[in-house]
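Please find the structures below.
There are two complexes below, and they share subunit A, which is joined by subunit B in the first and by subunit C in the second.
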Partner chain A sequence: MNSKFRDLLFINALAVLMGLMVSGIVLLFLGENPFYVYATMVQSITSDRYIMAEIFVKTAPLILTSLAFGFAFQANLFNIGAQGQFYVGALIAVSSSLFLQDKLPGVIALVVVFLLTLLGGGLWGAFIGYAKAKYQASEFLVSMMSTYVALAFMNYFLRTFLLETKGEYPQTDPLNPSVWLGILVPNTRLHVGFILSILIAVGIYVLLFKTALGYRIRVVGHNADAAKMAGINEKKIMVITFVISGALAALAGFIEVNGVQHMLVQRFSPGVGAAGIGIAILANAHPIGIIFASILFGALQVGGVMLGQTMGIPSSFVEIMQGSVMIFVIASYFVREQLEKRREKRKLKKVVAA
Partner chain B sequence: MTSFLARALMLSTPLLFGATAEVFAQRSGVMITAIEGVFVMGAWAGFVGSYLSGSHLVGLLFAMLAGLLTAALHGWICVYLGQQQVVTGTAINILALGVVAFFHRVIFGVPISPLQVVPLAKIDIPLLSSIPFLGPIFFQQNILTYLMYLMVPVAFFILFRTSIGLSIRSTGENPEAVDVAGINVKRIRFSMVLLAGLVGGLAGSFYSIGYLGMFTTNIIGGRGWIAFAICFLGNWNPIGVLIGTLVFGLAEAVAILMQSSGTGLFPNEFFIALPYIITIILTITRKSFNVPASLGIPYNKEN
Partner chain C sequence: MESPYLEMKHITKLFSKVVANNDVSLHLGKGEVLALLGENGAGKSTIMKVLYGLYHADSGSIRINGEEKKIRSPKDAMALGISMIQQHFSLVPANTVTENIIMGNAHGIIDWKKKEQEIQALAEQYQFDIDAKAYVRDLSVGAQQKVEILKALYQQAKILIMDEPTAVLTPQEIDSLMDFVKSFAAAGNSVVFITHKLREVMEVADRIIVMRNGVLMGSLEKDKTDEKELSRLMVGRELVKTKRDEEQQEKEQADCLVLKNITLKAENEIAKLEDVSFSIKEGEIFGLAGVSENGQQELCEVLSGYKSPTSGTIWFQGEDITQSTIEERISMGIGYVPADRHKFGMVMDMSLSENMLLKSSFKPDWYQHYFIDKKKLNAYTASMIERFDVKASGPDDLARSLSGGNQQKVVVAREVDNGETLIIFDQPTRGLDLGAIQNVHETMFGEKRKGKSVLLISTELSEIFDLCDRIAVIYKGRIQGIYQHTELTTEKIGLLMAGYQEKKEALV
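Right after this comes the complex of A and B.
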């Protein structure tokens, strides 16, 4: 294990702990003992098989939205609109599932839905990437703004074409069990989507670090000028990166709709995009690291829900935990930079002395 | 018509505050990507201050203080620790939303009906307010909108006609040169972030106490990002920002009008999404940005 990686693990763990400690302070305002609350949280999420499985249910979409941000980040592009691409994916998944569920056998329908979701998210991403490549439009402005457009689209469809047969609430009819993603562990909600998201994370790792395209993407991210001189078509890379990034976030919508909700409702997982950014930062945008960081955020989210149920702690405590963990992790990059600098200096001194 | 234009002008106010705040910070090289969080904190603190004290002045002070603290965290990480501005902002936006929702609950519990304060009063300017047509639009507004009238010329003057403005702009264009000239780059940047926090907090409070007289956690709903976008679209110039802001204020007033009257021609959701669609179109079609050269790049002496 090299010293840089050791720093990363150790300092990140410390940052996460400090983030949780600091967010614990707000519990004092509720008259609760933070240590007791955290102990209860750990106990409640580890005591029961169903609840432990819930952690991984929450983890699955986070891995994908986080990959969406992290992948673009490798090309030095900011896709902060994963939330919108997630909505687009969910919308396509639910409408194509509703349309195909009576016409095709389950597995084939699922494959088609999967591909359509990829296509839709990819196109949505392509638009952002193309605007950046062709018109130098700031990608994070466009991606951020397109989230609100996607949300409006979703609300419109839920109120009109996709409105449930009863017509009571702005939500769709439930999907047929034939197009649900299979359950992995009996009597829990853990579904195949979790395995799928891990496989995709590994796939993205291979793509980024073992293929020529991945190499080009990272070169563009690391040094755009060098990329140009090496004859890499920077604009093409930008569009491709955003296509993949958008498709990843849209897939999160697919596995949430077909794996967990089995329908589409309003106010659907509103924090999944932003949490993805935090996770990518925690993992240094590394696809394999993202899996583990997602599990941490999944555990925090399930823990937050449990605290609400057992102790009446407001659900906003989850956001406080996630936000302060993110801030400490970002600040810890500074500490790591300093450690690295000091190590370099020491190396230099040794060389000079010898 | 007059009441419609008056409303458009009123709705422009917080956007102009926020976008002008961004202009100063970004001209010095720092993007306040935490602007959404600054707005939310300002909206909430403004409401809490007004509700608990019964005084709008206290509310506005609370809002400025909350905005200042939020921006200070952003500035400390981005300027002094030299970290990535976009991700820092995202983290702070999440945290701000959590803090606001959590403490709203701690202070007020779960009230049966939403808590309300009297919105800022409209002040009629004597004589001017009785000018036909223009009077009711421009001179029957609340104090923050009047402050907006002053903000554009003052901001323009400071930025382009004073030595302080020159230092700010140079810091964003060429921090090395500024450093050589003996000016502290980080201090200028951090001060601009703090200034943006003060003004941004005030902008946020407009949504709670200036207009609706109440607070909900989704009260800002991306308006901070719109202010951020207007700064880009307005070419980092207070005059450009003014034009951009009026367009968006108009779009928002149209949206409210359409939602309440409902022509049926377009769905409501279209008008809700309209400001965001306009931003996307403008971001793509607008050319010749004069982006501050070192925008978003942390400054380190050693490098």
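Right after this comes the complex of A and C.
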């Protein structure tokens, strides 16, 4: 167990390093010295408290959207539409916040907004799960296409009911500071949403691995026939899974609106859903692994932005970095397995020789 | 002394957690039929896969005609005239017999007519009734095996390895396979026959190698040994045939399960079950004999609640359960050991304790304030592992990591415990080794003594005869008749299984 954990840390660190090396080759083509660039990146994100906090600001919604994918994945379902559920969440969060901010005290308003977001995301997910359970519609396609529906809704509302009082841009009025999520570290943007998303990840872990519902979800995911034979209603499980998955992604919208943006603008965090899929795969859909993988991706995103600002390196370089790190981390899973096998074999050889 | 045709010396093969072969040495002569006998997991297939180049030994050497050979892949093995027929065939169902046979050995433009003629001639030479143009998907399992053999013959195999070749065959097909093996060896070729069935060994082998736990237990001439010695070497102890209780309680027992006119028929299809009626008494083992795929699986699905019958009624302890859900039936105490445990019985990527929870995840016993009581569950699983002699290191082992026989013991343990009133066993011992079979049979007797009812569905006649009180025979979804076990002979039951109806003497 101990050596297994050592492998996990060591091999994953190595994989991240290799990923950075490969993307470093791209930097050579740009005429930059990769070592210098990376050194600058590390230096720029560690030297400043604000920027370091920014990593966790980026991490929080990633944790939630990758949980959304990973949770459904445990039931062998594919929720490709976390982006859409994120928009639904953001839309509900902003409109209910605007409506409640003058009527209720801040904390109570936030709790209500939180619950409404869960409800909205859950219903959105329930529709996908129901289409799958009742009509055998591909949840992959339904969830993916529903993203565009959500996007269209958001754009429509931003131009109509939610349009700012000035009526200039398709965006909402800023939220009253009373419904902002509290700041954790003064003079940074790091807000309570980060803690919330970590707590939720832990909660999802407990739900999946310690409760009857989570157990049934995993049984359906691993072997739907055996689940049915054991009296588990797999259709019900499908709907429940999508309700939870949708609610998770919607929460990401809530913490982005009430924690960071404090308003809803058009073209809002367009990559958060897709990044979530990658992170969940990276973490093997394990909720605790998702926390760490999200931090890694948050750091890469912030680092990439810093490179753009300080050295003028194109922002698409971030994606190259993320992609190559992901490939190596996924490959490292097999390396770890191989190492484990060899270790067991060595142990056996000693037994046989004795 | 002349060196033997094939020699394997001091072969050791380690998998990550198991010693599959430990210092195994064997030899094989020309014209010899060698049986590799051992229980599941004894390492018989592994040593032959090393010979065939599928696995690489960690140490040891292989010699052919006294010359050391390195076999890195099946291609190397084939070049040396070694061919192996896997337990699970490696044929492409969508291709024809000819395409399958020449696969991997054809280059450039193929003259199909010529190839087909060649293969047809080869089939006729060995009296195989195979059409070279037929699609593999249309062939019976027995015929598919013949295609595999033809493939080996086409590659001019001198050493033919067969891994559990009789597991999927009917008695008649087994006979014809045995004839082939004998004639193939008589022509100066060698055969390695991997099996765990003693009867076959005594019939076909010249020499027998017994393996246990990856180690060679003995090499014996067939003429100088007997089944008793072999089974002792194989299992490590002598097998005791499970005995039925002779003091039969004659008093009339109440019916536990009653099926009345059960029919299962999808629209525009022939009926899978037609007018099936029988009853099982308390404390009775009721046998359902029949060739597989005559409605047994469907009957199980109807009984477990997986499918609803088109018409008919099921009574369980006086209650109509025809419309009850699977969950309700489980909680009424109906246990079910499915024939296909991979599909219906287990979750391979979950731990043993999670698999033990499978059927009782609705019972509050396993929870403490909504959370699974892991301690209690693990303790329970550990006790079941102990009681049913499952070879596993603990409750946290993945089901996948166990051998087939041990997986089956886990399913049996769970269902016997959950099935408080009735337990359905569908092919419970198929593919199990002797020790495990005995274990399952004893369990069935034990549960019967406790007053539980048992439905045993089996294609294995000896099992039906040894265990059951009453026996029904199923053919094409119909019950051919219900008999006391003393009323039937092997011959009579054989005819019933083949669809011959008796003239109205059946006791219903």
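Some notes on this structure:
Rule of thumb we're sticking to: the second predicted complex is superposed on the first by the 313 of 354 C-alpha atoms of A that agree within 3 Å, B and C clash if a C-alpha of one lies under 4 Å from a C-alpha of the other, contacts with A are read in each partner's own complex, and residues count from 1 in each chain.
To be clear about the criterion, contacts are C-beta pairs under 8 Å (C-beta built on N, C-alpha and C of every residue); 3 or more make two chains touch, one makes a residue touch a chain.
Quantities reported herein were computed from a predicted structural model and do not represent experimental measurements.
Measured by the number of subunit A residues touched, the leading partner among subunit B and subunit C is B. When the two structures are aligned on the shared chain, A:L162 is found in touch with neither subunit B nor subunit C.
When the shared chain is aligned, subunit B comes close enough to touch A:A137, but subunit C does not.
In the superposition on chain A, A:Q322 contacts subunit B only, with no contact to subunit C. In the overlay built on the shared chain, the residue A:L118 is in contact with neither subunit B nor subunit C.
Judged by the touch definition given at the top, the superposed model places A:K345 against subunit C, while subunit B stays out of reach. Legend: residue contacts after superposition of the two complexes on their common chain; A:I279 is shown touching neither subunit B nor subunit C.
By the touch criterion stated above, A:I80 is placed in contact with subunit B alone, subunit C being left untouched.
Judged by the touch definition given at the top, the superposed model places A:Y215 against subunit C, while subunit B stays out of reach.
Across the two superposed structures, the residue set of subunit A contacted by subunit B and also by subunit C is empty.
Residues 12, 14-19, 22, 58, 304-306, 325-330, 336, 338, 343-350, 354, 357-359, 361-362, 367, 370-372, 374 of subunit C are the ones that touch subunit A when the two sit in their complex.
Remark: subunit A residues 26, 29-30, 78, 80, 131, 135-138, 140-142, 144-149, 151-153, 155-156, 159-160, 271, 274-275, 277-278, 281, 314, 316-324, 326-327, 330-331, 333-334, 337 touch subunit B in the complex.
Listing the residues of subunit B that touch subunit A in their complex gives 73, 77, 81-84, 86-88, 90-103, 105-106, 217, 222, 225, 228-229, 232, 267, 269-270, 272-273, 276-277, 279-280, 283-285, 289.
Across the complex, subunit A meets subunit C through its residues 206, 210-212, 215-216, 218-219, 222-223, 225-226, 228-232, 340-342, 344-345, 348-349, 351-352.
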